[in-house]
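Take a look at the following structure, please.
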Amino acid sequence: MAEKPKLERQAMCDRLAMEFQDEWIVNLGVGMPTLCSNYVDPSRDIITHSENGVIGYGPLAEEGKEDGHLVNAGGQFVTAQPGMSILHHADSFAVIRGGMVDVTVMGAYEVAENGDFANWRIPSRKGGGIGGAMDLAACAKRVFIAMEHNTREGGPKLLSRCTLPITAPGVVKLLATDLGLFEITPEGFVLREHAPGWNPEEIQELTDAKLIIPPDLKEFRFRA
Amino acid sequence: MKNKIFNSFDEAVAGLPDGSTVMFPGFGGVGLPRNLIAALHRQGAKNLTGVSNNAGALDDKVDVGTLVEAGQMKKMICAFTAATHPSRVTPFVEMYNKDEIDAELVPQGTLAERMRAAGAGIGGFYTPSSVGTELAEGKEHREINGRMHVLEHPLFGDYAFIRAWKADTFGNLQFRLTQRNFNVVMAMAATVTIVEVENEIVEAGELDPDHIHVPGIYVDRIVTIPPDGIWY
Amino acid sequence: MKNKIFNSFDEAVAGLPDGSTVMFPGFGGVGLPRNLIAALHRQGAKNLTGVSNNAGALDDKVDVGTLVEAGQMKKMICAFTAATHPSRVTPFVEMYNKDEIDAELVPQGTLAERMRAAGAGIGGFYTPSSVGTELAEGKEHREINGRMHVLEHPLFGDYAFIRAWKADTFGNLQFRLTQRNFNVVMAMAATVTIVEVENEIVEAGELDPDHIHVPGIYVDRIVTIPPDGIWY
Amino acid sequence: MAEKPKLERQAMCDRLAMEFQDEWIVNLGVGMPTLCSNYVDPSRDIITHSENGVIGYGPLAEEGKEDGHLVNAGGQFVTAQPGMSILHHADSFAVIRGGMVDVTVMGAYEVAENGDFANWRIPSRKGGGIGGAMDLAACAKRVFIAMEHNTREGGPKLLSRCTLPITAPGVVKLLATDLGLFEITPEGFVLREHAPGWNPEEIQELTDAKLIIPPDLKEFRFRA
């Protein structure tokens, strides 16, 4: 079973990006979520926001064409787009806390069926990295998560309750893993789409939380 | 007009006392006052408290980590104490694990807003960020319009080190693109603001009054980065 | 890109419901959205709550006082309820004395900061302004670092009427000199932001991203002031 | 006695302006205090601030040369000066509450020997005009007052306690009236300088509060 192909990271991020709606202000966290910016449906009119004070930046800069003064939340060089504007840090988080961000996409160590998630601290290590995650998780209209379904050691990451210190309580709405797409409802994780070749029982076996399998379960949708 | 122009970074940071709280802007290496940090490293002040987004990266460039490694910092107030990648062990992480340096971990938006509050004479503010997490433990909570908030306090600095794009002789500053980041609120929150600037300092009146990011009243000392300075 | 450009002030304010809270910037007549106010006067919405520095001047120009006089406002939240000169009796003062309109008097800095808090997602803040005066009575007090403060709450608007110098098609705005005043915080604090702009609307990309005073995400509708509009 | 010449308003404001020190950030209130801007010692390096978001504006604009976008706190057209910068209203009051303003000069209805003053409301009238006065009075490093010594009806305005609702408690440091210059100390009003031709007894007679007359009382200093 471990030999069966799982979803690529890009496919996971593409799937989340397919949910973005016209005019949404979208904040993409460091790491895997920045892959979302590789796929934006050209028929969609998305507005990017980065916590370091950019609204409306464009794709990653090509090598050799970087502007040394323009980076995204991951410190990657990005490009300017028409209509872009710059804010200082306090004003940038005014945008976030003010509820202007329609969706933030982040990575996580754990996601729980009550919508809690953890992505800033491993108890075995002292300290952690919060960055803007707590502000975004608490204040964005929606939190989407992209992460591997299991730890490197094969342990579960979709849990009935988080074991790690959480980033925000009850906020995760949608989760893409390498085994499928999960909606978090008041009743818990609903498996909306399964990775090709994987059936719900196999996915449940790799999951700590109880999965709800709806009658209209579909196969994972890839980018067109 | 008071002369705010200093000839060297060393002169600009001379006399910075042991025990000061120093604010260091920068995000992803952009807007980071590396020349002033290098001068503070040479100057040698100790027992400093640093305010910064992170506690230093792991490259060969001068940054806050340089001061940490040299034992000049007793505490960091920042949004990242862990290194961005678990496998990389920064000087800070090494010392932090051995309890040789103290830290206060603050959500990035709260960090920025606490400095803005210090500059703006706000005694404290309520934010929904961090509610329900370990970082809100022990903080005063209050429900406002059905939503739980925590009380956060202003964060003042003795010194802010600033990296700007342009400056005039009055100390008015402009930043370019994401260089702006924490620079503005740190200049407001600190008693003494020292600036390294990427362009020649122009005469007062040459910058458009509608497009000043930090008014000169917040700025005390300015040094132009020389050709052999640290540029990136 | 969503079309934010409207052809007339009347179209831009159509549908503004009775009972709305509308924010009106302007200071000394500068940055005052007179064309939008005139359109709201024609539109006729009633029982409005106005947020403004004052409750209308006493000249022949259209301003907040025009709406007050027409009986469209049920309440004003402002820093001046009295006329600037005791001998001049504004429509507001006349109605206020007869209890035909309600008012909340707020120190100007607190007024601006309450709108900033609304826009910035701050649940409340402590300020030393007004402590020891009649206006602080009944407010929650707190001593912070040896100084007494009062708790103030965010002030949200349903609509903000804005007067800008330049705008692009995305809704990014620039102001000229003291025209900026309350415009920025009102655009942040209101759900729907409607702008009258003194210059032709330019294409997105034509305004320098480093010099945008209000990002387009806060802006919903823009109208260029026509040659026969109200200019001063 | 009432026939004796009193000080002109301009002289009162000049006298306060003579106390401004190099590098001070000076905020001049509406009305009489704006006269202070007519006199700035050319050897002094004063920085003007107006609550509507201007730092470093210059003298009043000449008629016909006004810039329609540039006014001071009194709504008067002023001129631009090299180094001027513009802030929005919340940032302008951040300057004020942040303690950057070295002195604010205001008018008043009443000043009390404990440093209280009243300038925003007359109880016989409903409502009042606060403007930025409460923020400035509470947060500027020093509050100077320029006002007539007596009401139009001849009543006292220098009181042991204010009778009108106050603008801020205990903040007034220096007061110029048309009869002299008064310092407010923990012991009360000290008459520092008297108007020419007026002796302390005559001034006391027109004053409700008890005046302290120091041995080094001087005659009022006029602009050089």
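Letters A, B, C and D mark the chains in the order given here, with residues in each chain numbered from 1 onward.
FYI, contacts are C-beta pairs under 8 Å (C-beta built on N, C-alpha and C of every residue); 3 or more make two chains touch, one makes a residue touch a chain.
Note that the structure is a prediction, hence the values are computed from the model and not measured.
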| item | value |
| --- | --- |
| Any chain in contact with chain B as well as chain C | A, D |
| Comparison of A-B and A-C by number of C-beta pairs in contact, larger one | A-B |
| Inter-centroid spacing, chain D versus chain C (mean Cα positions, whole Å) | 29 |
| Euclidean distance of C-alpha centroids - chain B vs chain D, Å | 37 |
| Residues of chain D engaged with two or more neighbouring chains | 80, 86-87, 90, 93, 96-97, 139 |
| Interface hub residues of chain B, defined as touching at least two other chains | 113, 116, 120-122, 127-128, 175-177, 180, 209-210, 213 |
| Chain-level touch network, classified as line, ring, star, complete or other | other |
| For the chain B and chain C complex, residues of the former touching the latter | 113, 117, 120-128, 142, 144-145, 147, 149, 153, 174-177, 180, 208-211, 213 |
| Residue ranges of chain B in contact with chain A within the complex | 27-30, 53-54, 79-84, 86, 93, 96-97, 103, 105-110, 112-113, 115-116, 127-135, 165, 175-185, 213, 232 |
| Chain C partner contacts - residues on chain A that touch it in the complex | 22-23, 25, 45, 47, 49, 55-56, 80-87, 90-91, 93-100, 139 |
| In the complex, chain A residues that touch chain B | 30, 50-54, 67-72, 74-76, 80, 86-90, 92-93, 96-97, 121-122, 125-135, 138-139, 165-170 |
| Chain A-facing residues of chain C, complex | 1-2, 116, 118-122, 168-170, 172, 188, 203-205, 209-210, 212, 215-218 |
